[in-house]
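Chain lettering (A, B, C and D) follows the sequence in which the chains are written, and residue indices restart at 1 in each chain.
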Amino acid sequence: MLQQALALITRDIVLARKQGGGLGTAFGFILSVMVLIPLATGPDQILLSKLAPGMMWLALLLSVLLTADRMFQQDFEDGSLDIMAMGKLPFEIVTLAKTIAHWITVSLPLAIITPPLGLLMSLDISQLPILIVSMITGSLALSLLAAIGGAVTAGLRRGGLLVSLLVLPLYVPVLIFGVAASTASLGPSSSTPALIVLCAITLMSLIISPWACAAALKAYLR
Amino acid sequence: MDFSAAHVSYVIAAYSISAVCVIGLFLYVLLRDRALAAKLKQNAEKDTL
Amino acid sequence: MQQFANPARFLKIANAALPYIWSITAILFAIGLYGALVTTPPDYQQGETVRIMYVHVPAAWLGLFIYCLMGFFSAVAFIYRHPLADAAAKTAAPLGAVFCFLALVTGSFWGKPMWGTWWAWGDARLTSMFILLLFYLGYMAVWSSIDEPTRAAAIARIVALVGVVNVFVVKFSVNWWNTLHQPASVIKMGGPSIDKSMLWALLTMAVAYTMLFLALHLVSMRSEIAARKLRQARLIEIGNR
Amino acid sequence: MPSSLPTSLRLKAENLSCERGGRLVFKDLSFELAAGELAALRGPNGAGKSSLLRLLAGLNTSISGRLNLEGGEADTTLAEQSHYIGHSEANKPALTVRENLVFWQKFLGGGENLKSLSAFNLEALADDQALLLSAGQKRRLALTRLAVAHRPVWLLDEPTVGLDAASLVILQNHIRDHLKNGGMVIAATHAELGLKSAVNIQLGKAA
């Protein structure tokens, strides 16, 4: 069982590496956002450093969302999902494996690259470690929730708009607790309670996402 | 209800927007139902001809 | 939609009950509005603006209640494959969205005098009500962007179930976010507790709104069933052409 | 084909009916298939051949009737014991032929060493990207999935499309061997498969 799931994850990782996949576009998106924000708000350092964690979380969240509608579309269109739905491996594990592959190839690298970019927005170094930790935890939730959007629109040609309308409300808790966890020194309370709730949200998404994706994709396979 | 009190315009605005929405919803739902019922009846008659 | 659970039984009950429901709704609205606008006293702090509460609170409560109802119908449809439950969820969504929108508008009218701004981020309930509206729009968008009804129903069910869970997570996190950024001294909407003299009017209005929803929902269900029969007839026509 | 199959395998379908896009595609379809038999599925386009195959593959649910496979492995569904080769070839263009097959072999539990390359003699193309393959070669890559892992039931949706004469013969041999070993094949074809079909399922008006 596990061996089949690992086979799927490794194939998706190899595929993402060969096809370039979402990481390139997502990283380009984050870079442009990081440059545009100071231009928009003006070079005032204090304001920028206050805004930095929030803006970086928003950039991460939106860039993961960008890759959401392509997560299942390719496998759906070329018929691979038909075969995967038939196998002994429960379909929920198949969707979870694909989501983890998306997390490893897109959300995780972004969660690691984004914090250092915070220096562009005069983020003080002391916040960097906590920012990376919270982003890594949050990035799994982002992938899991994006997967739901991707699965629900897998069979639609123009599903892009629908994905953002469906997934952004789901991202609200991740954004709130992600930013709260990363603004350790500024906020009144220390960041650990927020980090714990962020982990709770990630675990909750870990339970909801495979079920929702499997059910939605099965509806399209019919 | 004292109409000269402060901010009374907000109260009127709130009630009127509520009235507009409720009545609008009421009309939309009723008209759609009537139109569909009519089409259904007309369809039924067409079949029995 | 094939062996469409016989709607006849549902239609019989609905058609029988509807006149009574409409009349009860009318009576309750009459009493409630009279109470809200005339007999209940103005608030010692807010003055007349407290009367907005009688249209805001029922709409806000109904906005959330209908979304939970959609979650319930979707769960029934998911477990029992009952097409009528899908129709119930589908027709409830627009009604819920209107009440949710209404709650937002009346809420900002109510907040304006107190905070001086049209959109009070300060109040966590308005913010989570706004996000609830997004959940409604997302659900309705699923129905409109998938043309084949059985598939649209299957996807909408999942969106509603995932939505219902997340609406409460959003409410929790927005409240938490509110306490984080907002010193606790903000005046709570509608005062610490609604005193007795206003309570009965508020409850009457709440029941009136709910009966209104019930009536509108039954009528919308009736038209949804009619629409499906028409669609089915057209398909058969195409089939044997 | 490696191990011989339990010859008591029997697929029973009783008044199946299937709906697609709100329309009834076929109604009260019954047939029986024993081990070692080929079922030819015929009918005009849109008569529901693919719907029936997808129904057998567990991707689609029938509105009425019953379908079960007797004698197969204990508590495994029909879908888990069947290969399904549909119109879309389920190959990744960015991956090479070998990578595609290695993945399917691992996923469908077909053991370690890659022996399936020779099934439709794709050895020469092993390291080319599937992108560069011709339509016929892509078809052969899809059909090679039959050899990647062992499944008693084969569900083939117009397998002969795009195949040249030589590959057609190879396909026929594979099917003949599979049947000799007690397997079952249900194939939807327009062109004659050139094999005696024990059961003929006619869907929709006779063409």
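Of note:
FYI, a contact is a pair of C-beta atoms (placed from the backbone, for glycine too) under 8 Å apart; a residue touches a chain by one contact, two chains touch by 3 or more.
Please read these numbers as outputs of a predicted model, since none were measured by experiment.
Each chain gets a centre from its C-alpha atoms; the one nearest the centre of all protein C-alpha atoms is A. Inter-chain centre distance (chain A to chain C, centres taken as mean C-alpha positions): 31 Å.
Centroids built from CA atoms put chain D at 37 Å from chain A. For the pair chain C and chain D, the distance between mean C-alpha positions equals 49 Å.
Note: centroid distance chain B to chain D, computed from Cα atoms, is 56 Å. Of all residues in chain B, none touches two or more other chains.
With touch defined as above, residues shared between interfaces to two or more other chains in chain A number as follows: 218, 222.
Shown for chain C are the residues that touch two or more other chains, namely 150. Chain pairs recorded as touching, per the definition above, are A-C, A-D, B-C, C-D. Residues 1-3, 148-150, 231-232, 235, 238-239 of chain C are the ones that touch chain D when the two sit in their complex. Taken together, the chain C residues at the contact with chain A in this complex read 78, 131, 134-135, 137-138, 141-142, 145-146, 150-151, 154-155, 157-159, 161-163, 165-166, 169-170, 172-174, 176-177, 180. Of all residues in chain D, only 19, 21-24, 63 touch chain C in the complex they form. Of all residues in chain A, those touching chain C in their complex are 148, 152-153, 155-156, 158-159, 161-162, 165-166, 168-170, 172-173, 176-177, 180, 187-189, 197, 201, 204, 208, 212, 215-216, 218-220, 222. Per the touch definition, chain D reaches chain A in the complex via residues 54, 57-61, 76, 79-80, 82, 84, 86-92, 94-95, 99, 103-104, 106-109, 145.
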